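Dropping a structure here in structure tokens format, bear with me for questions.
Every chain is named by a letter (A, B, C, D and E) in the order it is written, and numbering of its residues begins at 1.
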Amino acid sequence: MSATFTDTATLASDGTVGVVIEGKSPRQLAWMRFRRDKFALAAAGVILFYIFAAAFAPVICAVLGISPYELDGDALNDFGLPKGAFGGISSEHWLGVEPGTGRDILARLLYGARVSLLVGFLGTLLTTTIGVMIGIFAGYRRGKVDAVVGRFMDLTLAFPSFLLIIALTRPFTQRLESLGVPEGNPARLTYIVLVLATFGWVYVARVVRGQTLSLREREFVEAARASGAGTGHIVFKQLLPNLWAPVIVIVSLSLPGYVATESTLSFLGLGMLPPAASWGVMLGDSVKYYRADPTYLFIPGVALIVLVLAFNILGDAVRDALDPKADRQTL
Amino acid sequence: MLLFVTRRILFALALLLAVSFFTYMLFAMLPADPAALTCGKNCKPEIIEANRVRLGYDKPLLEQYWLFIKGFFVGRDYGVGAAAFSCPAPSLGYSFSQHECVTTLIARTFPVTFYLSLGAFILWMTLGIGLGTIAALKRGRWQDRAATTFSAVGVSLPTFYIGLLVLFSFCIWLRILPFPSYESPFEDPLSFLTTMILPWTTLAVLSAAGYTRLTRNGMLEAMNEDFVRLGIAKGLRRRTIIRKYVLRSALVPIVTIAGLDFAALLGGAIITESVFSLPGMGRMSIRAVVESDLPVLVGTTMTAAVFIVLANVVVDVLYGVLDPRVRSK
Amino acid sequence: MTKRRIIGAVSFALAASVLAAACGGGSDSGGGDGEAKKGGTIRILTSGEQIAHLDPQRNYTGSDLAFAGTTMHRSLTSYKYEEGDAGSEIAGDLATDTGTASNEGKTWAFTLRDGITFEDGSAITCADVAYGVSRSFATDVITDGPTYAISYIDVADYPGPYTATAEQQAAYDKAVACEGNTITFNLKNPVADFNYTTTLLTFSPVPKAKDNGEKYDMNPVSSGPYKIESYEVGKSLVLVRNENWNADSDELRKAYADSIVYEFGLEEATIDERMIADAGDDQFAVSEGIQPENLQTIFENGDEALKARSVDYYDPYVSYTNLNNENLSCYEVRKAIYLALDREALRKAGGGPYTGDFADGFVKPALALDYAKSTMPEGYNTDGSANVEAAKAAVAEAETKCPDVVARAKSGLNFYYPDTPTWQKSLAIWQDNLGAIGFKLKPEAVEPSQYWPTVMNPETDYDIARGGWAPDWANASTVIPELFTTGGGFNLTRNSKDADYAEFEGLVNAAKVNLDRVAQGKQWQELNQYVVDRLWALPGSFLKAQSIWGSKVGNTFQWGPFGAFCFGNLYVK
Amino acid sequence: MKQAALEAHNVIKYFPTGHSGILGRPTNEVKAVDGVSFSIAHGETLGVVGESGCGKSTLARVVTRLIDATSGEILMDGESISHLSGKSLRIARRKLQMIFQDPYASLNPRHSVGQIISSPLSVQGISPPQGVKARVQELMELVGLNPEHYNRYPHEFSGGQRQRIGIARALVLEPTVLVADEPVSALDVSIQAQILNLLETLQAELGLTYMFIAHDLSVVRHIADNVAVMYLGKIVEMGSAQSVYTQPGHPYTSALLSAVPVADPTRRGRDGRIRLEGDVPSPIDPPSGCRFRTRCWKATDLCASTEPLLADQGNGHLVACHFPMETPVTLGNTQP
Amino acid sequence: MSNSPLLSVSNLCVSFNTPDGVVQAVNDVSFDLFPGQTLGIVGESGSGKSVTASSLLRLNNSVTSTTTGSVQLEGRDVLTVDEPTMRSIRGQDIAMVFQDPLSALNPYYTVGDQIAEAYIIHHSSATKDDVRARVLEMLKKVGIPNPEKRIDEYPHQFSGGMRQRIVIAIALINSPRILIADEPTTALDVTVQAQILDLMLDLQRETGMAIILITHDLGVVAEVADSTLVMYGGRIVERATVSEIFATPTHPYSWGLLGAVGSLDTSTRGHLTTIPGTPPSLISLPTGCSFHPRCAYAKDTGSRCTTEVPELHKVSGTSSSSACHMSDAQLVSLGARGDTL
């Protein structure tokens, strides 16, 4: 064989065009496509900004001289409502103060972002990890394992999850505390994350299982088995890298959902305990001030919308970047 | 097909039995003491103990569960002497905080939840599929962006926030609608509509989002199918192709998810019912949580589970009806 | 959860002149302009899911008593349906007068009126009243109601009518005897004001044939001008006219409205907004309690019409903070906590001055005979601000006297609070204030409805728990013993191991049997000071409450004894 | 007869199917491979042809132990590998590798070429003396890839090149037997030829033994020494390529051969073309007796009642037919 | 064969805008199709043959693709007529059969409905019974056994070959004058392929329609086509009658293709000729003749092959046309040699 080959381009057998860019890994390719989407870049920027703000909340607050816990009765009138227009926005309190206590809203928003993002990220991480593991296992093993996992999923899905989450908050938080989780918010947070994962993994597992079922039929999995690979190698080395695309999409869509769930629990008084701030606590509290202090209502809502929107846009963009369908028929 | 349905139903029954067992055990492990709760404020240990015996909470857990299951089929008696009363089958227990058999309570609150869910379902399917279709047909254009952004915003906000904003906006600020005050649609249709339109909208905005996305992606997927090309090649009108070819195949998976979502709603429109003061099952169950009213909690959980499981069966069967490939298997 | 529901007992507020229990016919007064007229529907908006109890023997909170008593259940006696001081006077209701005491107050007799009927038209007999009272002995079924009948009536081991043996029933029938139209109560001890006790609906009649125990709560038989048309928990209670109610037999109830609708399960914010908006049917509505965030809108936004539809008044309650004296067995530590509190900030979190006035004890000034201004601990700032210096000094003193208690306070005090938004904010203030003197809090959030059962459980290890109390009638005998003796129904201070407790209990018992009302009042004043001096509990506020009503509702005065509307006499303008 | 490199004895593979009944137990079996025996000598190529659903791909997977046979024995160099598991199976796999049909699906899109080709080494825990990278690059060179493309990803290669990657991966463990399952059917005509030539060159250079599966008769004709024709899970004819193609004994083989379009318009409309009616029956419920009888123009009652066994027609050319085409029937010889 | 073409394609160019650049899928393609003719278009993946076919029915994505040139169908330019006219052309004048018969059928409707649908669009006045009768007739014609029963079955209940028969029934129910068959047998087994090809030829004989057969299989062309277009890199590189292209191919690419096809008759072990390299990217086609990087003769013509796109021209001495810079004589002599590479 002396022929030389030119690596320029190929046409896939179905006639769609796939172009080859020299020396790019699939990840780099996705990144290139992603970079072209300005909306997505903006969304990523917003999310990074939030993460940054949350991570450095203590530093930012120290620089601005504000604190999420410091009471400022002087900023409130006799009724406990902020003095001045727009919820007491002033040079001292950039986003105004909380009615009733006079705590700084910006500081609470920053600290609240830590809780909300923590719940979102941890919940997503745990849910996704469990879901992916079980999903891959069920999909790869098929047969009896799959059947057992399937029944278990049916059982999990048959419970009205939200009702149970609410009903079990207090007892399970106490149980966690008795198991040694630090009392108060660490236990609450642990509970929320655990319970989200308890009911959430099924949705991830279903998607991953489906993907795995089709992936495992791909010949590269057979090729690995033919070379003597065991289940561990196939699951972690062969299947897992190919599941990132669907998993990332699930993550980007479920993370905002977890942030919203935290806030709903807080609205019901089952979220973070005072004096800790979370967006949910703020949203739940602020709704009452619809008339008396609309600024307070507006700020955490907007913060949440912007974050969630950013995640959605990012999720879509990442999916598009990972899984480009070059030419869609347009009717 | 008949065999398939039978098998499916049998499995569903087994599943429900399992759910009832787990639910009962889970709630039995809660620290709340039902005997103490029925005892009221000025309660003494003797009375608590007497109550415990009277209500059967002194018995081993498994026996309690057996009584619960038995009660479902043959009814159950409560109280002693002149104050005795019974909850006829299918009994799910008796709520001492609401002074009613749980079955009666559910029978009363369920229709509200059902109408809420049904209306919201119709609205969100219309909205979701409509927007999804527009987004798919105008892929990449502003209509697409607008529809997907709307869906993202909708799905991102907590129910209570949207609900209260909508409520305040329409009932206080704009004064377009009166405050919600639930009436049965058969007694006062107008009041029913003006009360339900906001909760419907709230739930629809929340759920439509996902369906916009599903419809859009499903349609885009379907547009790539060869049979769509063949449809065009036949000389079919664009509208016909979209309806019979693209939407039809995009809708099959949507129907299944929608069925499950609808069922989930029947068991869990908790926040919406609270915000809009609807006397439905969701609000009753959250109240049961607050009051540790275990019989009601078990009852509503079981009812919700029944609908979720039932929806699973219906969806499976429906899948067969909608997709001939599944039907003949 | 409204404040009202957290606080938990029947209330009674009293003006100085009340004790002269003059009888007299009711006269229409107060609550609006124009003549009262018949017809229309009155609506009551509430966040509650139901009336706690409609069963007369189980009904025991201020507003519920006011509602059920004025519409459905007649008792032997009643407070007059009057605004102001007159409203605290009692009158015969089912009974022709306010009863006759004999045997040094150990026997009380009431004669029933003619023409009194149940909603089915059958006459109310003495036996029906006696049966009703007997039900309250069945404490396993008839829960939550007042237990005065049990503690007063001279019968032993009577388990209530459902499970009583023939002998037990016979013993009861002897203690509560019927003779024609006259019902006679034989009491264990003299009770001078037993006819105030009989205003409680415990003394309402129940037809034995219709009694179905636990379930009676949902369908009690009316003896008043209204009966239940429909009752759906979480939705509404609709009362319509009871055609068999004989107006001639009732001097109190006017029954202006054709129907009264209780709307349950509304969001608190929604209620306020509906009341402020005053649109449609809400013009005929009343609502008790205004959210703190709306007080400014209603009272100080210059909208006079709105302000005129609302009221800000002292309700019968006193709020205070219970300290677990077994854990905090050191006066200096308790004092340090009290002085460190920024009570002004706490009040702001609850809505500012509209929350109430800083209390100097546990007896409200309204109980004029029993109230005297207390001497507060040294360093107490009357303006409500914290005195951190004095508090720190107290801590320093405590370090030498009781270092282990200080150590406990520094490592964390168990702070049990009802998990409501207002309390979440209050907690933040507590933590901040105590932090200033080096004390720490371990917050324990408790589901509001579970709050009292939780803290009243002897196994709950709280250091700090909240409290609120109102007298059952105008005597501090329904306050001081209830709150601070071991026999009291609401003692959360766990003070029985305090060195001074035995002495205190002796003084209380002496006061209780003192039949000289003025001298007794003096004793209550001293006992109040006794508690303040030891800070077994920390006084909070003499509470205020606010209510609002629609522009087309008349007779909207706040009825003193209950701190609530006189619901049955509300009318549509 | 010298020791065969790869042998199969009466291999059977049934897949359970048709879940029904209340408990959903399988009620039927797909008889995908139903009693197949063959042997391949060292350095030779057995071509297996048949239409879709005849069981040839299942056979390839059973032979390579990717799926377990229901019964039957697979032997390599005379030693059974049917009952190996764990480590011994892993070691046995070094000698028996596979090339797959779809060059798009058989390479993990997330792995670089280097990773893909070296993966069997790491799985087997082998470290080649010259180093992994050098070994991989050596192989890349061998199969006609630019060794500098070590770090590239599959999507950067054309179909033919990908198939070369797949071949390199199969060779990295230095196997003696390669099972190739339709290795060129997804490729363009001009590329097919390149790959076939490469496989032939490799066989010559490395002394490999091939089991070559294809549905395209002309491809098999090109590469195989011996040919087995499968129909509904059974081998119906087997013999040297020359003999099977020029003197097909089984009516099905004849039909198959005559259905292949010939790139010669002058032979259009040639006589004696056999056109089969209908479709292949379901392997769940194959016809009784001779499985081909439902489509066979020669079938008689005998075919329905008695299953014809593979019989030697001379020169080791085996045919399973009661009425073989124009060749004398020699009875007595059953399966090899 | 009549003299006036039924369909006349000239200078057809189709390009697609993709995120990665413009893909020139079809470049300057011209050909005529006569009534009753079977035209085979041969090429490998990405040669532009399928895009050419779908352009004739305007099936390409109207947003991302640009089509120029003209496709004349009896005086109407298919590329520019309005949408209603186009709809009436589709199915009635030009019908199409796709490669994968399973995905080409809508899984949710019975095959009867799908065939009927194609008929009703163009026969709106037909009664229900008429339609059903016509569908049954069609099913019979394409060789579906037991059509009365199978008319109400769904696509998945049919085997691959039967499905392709149904697709053909859909295509032919309106008796179109042109049938475009895009790799109609690629997904089918060889024995079924033979059945389908026979069926198409039978139906052609019956109706006199013209067929454009897109395929990568020279064998299929040899079996059924009258004339052939060979496409490479979006262009036609050779046009010839079937007998000529197999006897005397006149383009180096055609030589390669023919050489690469194995034969059943003789073993070719070790002798299979190949075309080196891989097909080019349609985004960045090689300059000049797009085949030149793989062509053994490109060096012989100096730099022309790398700079100048060869015109498709008639090769003297044959009736074929070729797009190669080599002289006609060279082409003829090399082509006639058979074994050319």
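Everything that follows uses one rule, which is that a residue touches a chain if its C-beta (ideal position, glycine included) is under 8 Å from a C-beta of that chain, and two chains touch if they have at least 3 such contacts.
Note that the structure is predicted; figures quoted are calculated from it, not measured.
If each hop has to land on a touching chain, what is the smallest number of hops from chain A to chain C?
Each step joins two touching chains, and the minimum needed here is 1.
Could you quickly compare B-C and A-B and let me know which has more C-beta contacts?
Output for the comparison: A-B.
In whole angstrom, how far does the Cα centroid of chain A sit from the Cα centroid of chain E?
50
Between chain A and chain B, tell me the centre distance in angstrom, where each centre is the average of that chain's C-alpha atoms.
Result: the chain centres lie 25 Å from each other.
Could you grab the centroid distance between chain D and chain E? Build each centroid from C-alpha atoms only and quote it in angstrom.
Distance between chain centres, rounded to whole Å: 32 Å.
Just how far, in Å, is the C-alpha centre of chain D from the one of chain A?
Taking the mean C-alpha position of each chain, the two centres sit 48 Å apart.
Of all the residues in chain E, which ones touch at least 2 other chains?
Touching at least two other chains: 45, 274, 276, 278-279.
Touching two or more other chains, which residues of chain B qualify?
Residues 32, 164, 168, 172, 229, 238.
Residues touching two or more other chains, restricted to chain A: which are they?
If we look for residues of chain A contacting two or more partner chains, we find 3-5, 10, 12-13, 20-21, 170, 284, 287, 290-291, 328-330.
Residues of chain A touching chain C in their complex?
69-71, 73, 76-81, 98-101, 103, 170, 183-184, 269, 273-275, 281, 284-285, 287-293
Provide the residue numbers of chain C that touch chain B in the complex, in ascending order.
8, 49-50, 58, 60, 138-141, 143-145, 147, 161-163, 211-215, 217-218, 232-235, 263-267, 269-270, 273-274, 277, 279-280, 282, 447-450, 452-453, 489
Could you pull out which chain C residues touch chain A in their complex?
Residue list for chain C touching chain A: 268-269, 273, 276, 291-297, 300, 342, 344-345, 348-354, 419-422, 424-425, 427-429, 431-432, 442-443, 445, 447.
Across the complex, what residues on chain A touch chain B?
Counting only chain A, the residues touching chain B are 151, 154-155, 157-164, 166-168, 170-171, 174, 253, 256-257, 260-261, 263-264, 267-268, 280, 283-284, 287, 290-291, 301, 304-305, 307-309, 311-313, 316, 325, 328-331.
Going by the contact rule at the top, pick out the chain B residues touching chain C in the complex.
So the residues of chain B touching chain C come out as 32, 36-44, 47, 50-51, 54, 78-85, 96, 98-100, 105, 108-109, 164, 167-168, 171-172, 175, 178-179, 181-182, 274-275, 277, 279, 283-284, 287, 290-292.
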